[in-house]
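One chain, chain A, appears in both complexes that follow, with chain B as partner in the first and chain C in the second.
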Partner chain A sequence: MAAPILRRGFPGGRWALVWIHGGCRHRNGAPTGPTHGSTRGRSSVAQQSLQTAQKPRKGEHKWETVVGLEVHAQISSNSKLFSGSKVCFAAPPNSLVSFFDASLPGTLPVLNRRCVEAAVMTGLALNCRINKKSLFDRKHYFYADLPAGYQITQQRLPIAAQGSLKYSICTGQRRSQMVTKTVRIKQIQLEQDSGKSLHDDLRCQTLVDLNRAGVGLLEVVLEPDLCCGEEAATVVRELQLILQALGASQANMAEGQLRVDANISVHHPGEPLGVRTEVKNLNSIRFLAKAIDYEIQRQISELENGGEILNETRSFDHKLGCTVPMRDKEGEQDYRFMPEPNLPPLVLYDTSCLPAGADPQQVINIDRIRDSLPELPSVTRDRLVGEYGMLPEHSFVLLNEVGLLEFFQNVMKETRAEPKKVTNWVLNTFLGYLKQQNLAVSESPVTPSALAELLNLLDRKVISSSAAKQRA
Partner chain B sequence: MLARTVRVRLRAPLGRLREFASKADPWAKAWGSSADGGQGQEAERASPRTRSTPAAPQEGGRVSAELIEHLQRLALVDFGSREAVARLEKAIAFADRLHAVDTDGVEPMASVLEDRCVYLRADNVGEGSCAEEVLQNSRHIVEEYFVAPPGNIPLPKLGKQDPFSHS
Partner chain C sequence: MTSRGLDQQSQGQVRSFGVPVSARPTVSLPVSAPCRWGGCAAPANRVPGSLPRSEIRPIETLGVEALADGPRWLRPCNAGADVDLSAHQSPGPGVDRLNTSIMLGRTLREVSAALKHGQITPTELCQKCLSLIKKTKFLNAYITVSEEVALKQAEESEKRYKQGQSLGDLDGIPVAVKDNFSTSGIETTCASNMLKGYIPPYNATVVQKLLDQGALLMGKTNLDEFAMGSGSTDGVFGAVKNPWSYSKQHREKRPLKPCGDGDGDEDSSWLIAGGSSGGSAAAVAALTCFAALGSDTGGSTRNPAAHCGLVGFKPSYGLVSRHGLIPLVNSMDVPGILTRCVDDTAIVLGILAGHDPKDSTTVQDPVKPFVLPNLTDVSKLCIGIPKEYLVPELSGEVRSLWSQAADLFESQGAKVIEVSLPHTLYSIVCYHVLCTSEVASNMARFDGLQYGHRSAISVSTEAMYAATRREGFNDVVRGRILSGNFFLLKENYENYFIKAQKVRRLIVNDFLNVFNSGVDVLLTPTTLSEAVPYAEFIKEDNRTRSAQDDIFTQAVNMAGLPAVSIPVALSKQGLPVGLQLIGRAFCDQQLLTIAKWFEKQVQFPIIQLQEFMDDYSSVLDNQKLTSVSLQQ
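Up next is the complex of A and B:
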């Protein structure tokens, strides 16, 4: 039976499945829990080497961990959220900045229709209630990359709220059971991105590029239903796939299009929640999992040694594999939220309440967007399992690897071989080969037609299996 | 310390000032603890009690030095003189008169433009590409980047500097 293979050492950190060993209870003294169910090929958290050596002490206390995520996804649009500047990843510094983005006096925000549509699509895909009326607010704080001194966001009444996201993890002794869990979505809101700061420590200055200032972001706030790094990684991966399927965001973490902040706390079962810390600046799924697991262990050790947890913001040093306190964050922030006076409420409609004779450009119909939603990853997976009789795990791998699903479907089109055989070849031999050569599917020297032909020959028993493998 | 106490007492006879941030405050309800009273009189913004702030003004409407210090930090405004603080207290009292209106069961308005929906702009690029103009406002630029200090420069701590040193 084919087991999913993961690319080793790839910073993007693709997660096919999550293996969890008996839940997320962390034991005193022996750091067990999610790390010891790591998937094959993934480098493990530093603590893992300890756990095989230590045995749990007598009278140990169990800890419960609480992890909440805040995900910021850059909306895939031509222009920014409130201005007509272009949205583009690499461009000469400050070349995509309008007077509004630079926060020059006398400029006003003008809402981008495409960003609203992206938010509605995401809300619908995550089973949220879409608020027909939502409001914009100002969140004040001072930083060089926020020229206005405030960020326009939707704190009070966001565009979507109270949804859910299903994800699957593998549990059990032999990691063979797939369990579906749900994380609740608290809200989805539209907000502005800030500019980019480049720290020049040599000359003791910060260089500010406002190209990114004002780009539309979708903030997805998840309820703290998660309990470890691997659950968080799976959820983020699933969210990434959904956003990419919708076209709402390219959600590429390496390019900063998807940013995740994690809030972590630990407590004993039955006791109230512990003090939480926030971990920011995580730019890959792999680091997200590592950082969360490290922070959980750090908090447990700290509390067990009689220390206390400070409510602080930390960042993850991936070279050292640990979280460190972030400078420049002085205690609790008071954001002084106030309504954005320059923007009236955002009103959305559905078919039953469309205003007659309204300009279609000015009206967004939720039902119309719902009807035009593309196929979501979970539906695609179910379809693959139904159509080709493959195991659910296989469908996960097919979707997780960029371009692999398309490759597979192209091979299926041109071959008469059995789906199960094709699946086996694509997932094991082909993918294994790519991993070995460290290639992406798009860089593959083997085309779908070539593989299809090969499989046809194999099917007709013209060549033997080992010969076929060699040829590939 | 004595000077500060004297100043605090001087504020008392500024007239009957009602308690700030009373329970009927609708903004407090909307945002929980981190709400804004929305006074527009001065450039300075006052915010009612938040999780870690000093207490709101007591009966008599006096604004404590601690709260002034906190507000100065938050809004980066300089309450340079007693008169400025007095003005603040007057502004709070002025706004408090809104409580005379019975708003039970009435939804607070977000904007006076609520009868119309926000304008939706088509997703086209029409601005930007004016780096030179945008950078013109900055005295120091480095290779088309704005220049800022390495991080937020924290204000001097409470106690080290008299908040009214230049009044």
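Up next is the complex of A and C:
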């Protein structure tokens, strides 16, 4: 749920800055954020243990941490959730604004079918119960880039609920053991994005761009089942892969298509949950992990020094590497929710309850969407493991690095080399080279064909392994 | 047909309710008299020659029994289709202005026929209406008169008629639209400082539909600010005056104050038009247009219709698009129709009704044109009289007319039964909670950023919001926003909003139960009494007034039912009294068919404005003085 402060974000042009600084807690291949071609510095370095949060530092007590996430994914659709304006990133300001988006009096919302389908797909992919009847609500607050004074969301009865998401993280001393965990999905709701405010403090003015106002969002609310930055980062990366596989969202964090808020609290085992803080507007997976781990440490040291945790909203300052309280003068907001009277309940059908003679354009059949779901990342990984006999963690790396799976598959097509050997070459030699050169897969000077040919030569023992590596 | 003859026949209407004389109210019934209008001597409001056919048709259709009480069906300006004016006029290009001016008092359907026959041209009609709008400016019915637009539309309409390519019944017909419907290129204010100067870039669907049919948009009519009120007294452009204040019928009957024409007392005694669509009602009642759009959230179309002697129709929720109607309460708002007879309402409804892809709450089912049959037999009808509507505040006259109307249905063979809507008692409170909550939400968009008023105070965005809303909204609007936000607070939501929603469900079920028990329509009063003088009206605040005045009308909005107010008679003060018929959801056609039959029985008289027209200039002079002080 977007709240006013959410939109104190980086204006478009500044996203790139976010990526310049290195330093990441994740092991090689762990989620590294942007899929943007021009981003740099994504090399991952295994760092200190992630379990710091649970280690007693000063006091004798151990601390348990509770982390919950709210993920906003912009739906990939031609037009907005309730209006006909186009959805397009980086269009000239206020060029994609319909009368409804500008909240001209008398305009009414009309639900975009595509957005509903994207929500159903995502719900199914996340093992949710799809609600055959869901409702829309208004959430009120005043903010310059929320022209209607309220956001249409699904507070009472969302489109999907009670799902789960499996993710794998590495544990053990050398971080070589994969452990599969599950995070519960509380609900998925359809809602409107807000516009963007650009604050010009110098001239004391705020510029508002409504291009984003009314774009469809999927808000995925996760139960607080996580305990550290790495888990959160892994979950978000997995969700990102799923959304991209479904085509439900481009989920490009650099373009703000995937935004995460994290709720964090700490407590002693056996004691009630601590007061939580919310870190808003996390726009890269790397910063998400950093922000959560920082916030956990901050809360622990605060409490150990006799301080108290305020129920507040904080933001992550990526330059300082710490979280800071956000300006939130009004304190606790009362959003004064009420039913959106201009939208009838959203009713979905499955094959068993499809009304006879229903116009297919007027109804959404959950079963048909289920049947047409694409292969999900977990299935792809299982397939890679089964088909090529690779280690599960290798399958993770192949999927997590943007474009790497496709590269691998193209090499496989053109070489007679052993899959294991290809995997080894792609993941170690090729990827290592890219990291060293700070390149994305798409920027690689080595084409799949070239690598395939090289592996063929190697296979026929025309060249030696070390010569091949040099060539590469 | 002489006016004398009319008088005599009109007398018969006293017995039109078919009740014993002793039970009859002391209502004054219409007389038609010669009028002098714009220097043209002619019978007021009607074209000589239409009467004989009107007279004959009902006799043919009503059957012998109907004659028992005398010729009460006589409704010169309304009856039968295809009024043939040509028999008494020379058709063709040389139609003289005298007749055009007379046209103004006729019904939409009759004027439409005259346009088709070439007896008048759209431009002539338009000019006449514009001129009357100017003459009746002191009524304050219009906020904006779209003279240029109307004349241009008339010109185009005229071309179409010349080429034999008329767009239909509405082509060339002057209409007015309440100033809370968006009109492309024409200022739309909601009678609020907040939207002064706001020119929408699009047309409301209903406005577009009227224009697509060739209707001429005369202007935007006055209302209570954001349609919040029941008198059309609380808008930033001042109160609307009820044209009946100046009618011969009222002037002859009103409690006597010695007031010569042009006397200063003139303005203190004028009556409210009802609201919130009072401007639309006044515009139609003063004959400046043939139909007008109102909006109806708690009775805002039916109430002024009753006070101005018009047919005021609230369609079923979902039948007519709300797209472009600046909302009061989205879940109850419907565009309303104000006309001088039921058939005219049906014509307009036929054009407006139907699914709108821009309004998700409109029904998908295709809508047929609303053609109303002439009902000859009401014996199969069951009319419900809700006992809870007999409240102590109801005036004796209205109560008496209500009971006579029931008797009328019964005497014509209909089954009339007392029914109970047990939750009526809670309706107005429930309405208050739901209405203010939605108002609080709907008004949130008026922050001065995108459109409308913006305060000069700019120390911070928040300060600008606060000042803008303080300056832009009147006390009534601010009061409703405040209470609505209170009801929506987390700690109050359950106790107020949710509870009110539950009560709303009970009210809906009340109606369902009654209709399921075999009742076809409910017959109720529309208002507690006839229109009251402005000075009287403002003694109570808007909230009290709205709560009182919406008593018979708002439950219908909560249930989304169709309802129509039909003018039935003049009170002893010579003022219109309306009764309401409520139908089953989406049985709008059945409701209007019964309403048409009822209308034909009661023979409501036509407003006679000639007296004030004779000395309108003196009225106008007074207005100039008073308007200054009134609008302070």
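One rule holds for everything that comes next: the second predicted complex is superposed on the first by the 412 of 472 C-alpha atoms of A that agree within 3 Å, B and C clash if a C-alpha of one lies under 4 Å from a C-alpha of the other, contacts with A are read in each partner's own complex, and residues count from 1 in each chain.
In the analysis below, contacts are C-beta pairs under 8 Å (C-beta built on N, C-alpha and C of every residue); 3 or more make two chains touch, one makes a residue touch a chain.
Every value quoted in this text rests on a predicted model; they were computed, and no experiment measured them.
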item: First, second, both or neither for A:148, with chain B first and chain C second; value: second
item: Which superposed partner A:93 touches (first chain B, second chain C, both, neither); value: first
item: Touching partner for A:360 - first (chain B), second (chain C), both, neither; value: neither
item: First, second, both or neither for A:83, with chain B first and chain C second; value: first
item: Partner, of chain C and chain B, that touches more residues belonging to chain A; value: B
item: Chain B versus chain C as contact partner of A:206, first or second or both or neither; value: both
item: A:135 touches, of chain B and chain C: first, second, both or neither?; value: first
item: Partner chain in contact with A:156 - chain B first, chain C second, else both or neither; value: first
item: Partner chain(s) touched by A:108 [first = chain B, second = chain C, both, neither]; value: second
item: Shared chain A contacts, counted only where both chain B and chain C touch the same residue; value: 99, 102, 104, 110-111, 140, 142, 144, 206, 208, 334, 336-338, 341, 343-344, 362
item: In the complex, chain B residues that touch chain A; value: 30-31, 34-36, 38, 45, 47, 50-53, 74-76, 110-111, 113-114, 116-131, 134-135, 137, 142-152, 154
item: Contact set on chain A toward chain B in their complex; value: 77-79, 83-86, 92-102, 104, 110-116, 135, 140, 142-144, 155-156, 197-201, 204-210, 327-328, 330-332, 334-339, 341, 343-347, 361-362, 364
item: In the complex, chain A residues that touch chain C; value: 99, 102-111, 138, 140, 142, 144, 147-150, 206, 208, 334, 336-338, 341-344, 362
item: Footprint of chain A on chain C - complex, ascending; value: 181-182, 188, 190, 195, 198, 200-202, 204, 322-327, 329-331, 357-361, 364, 437-438, 440-441, 443-447, 449-451, 461-462, 465, 485, 488-490, 493, 497
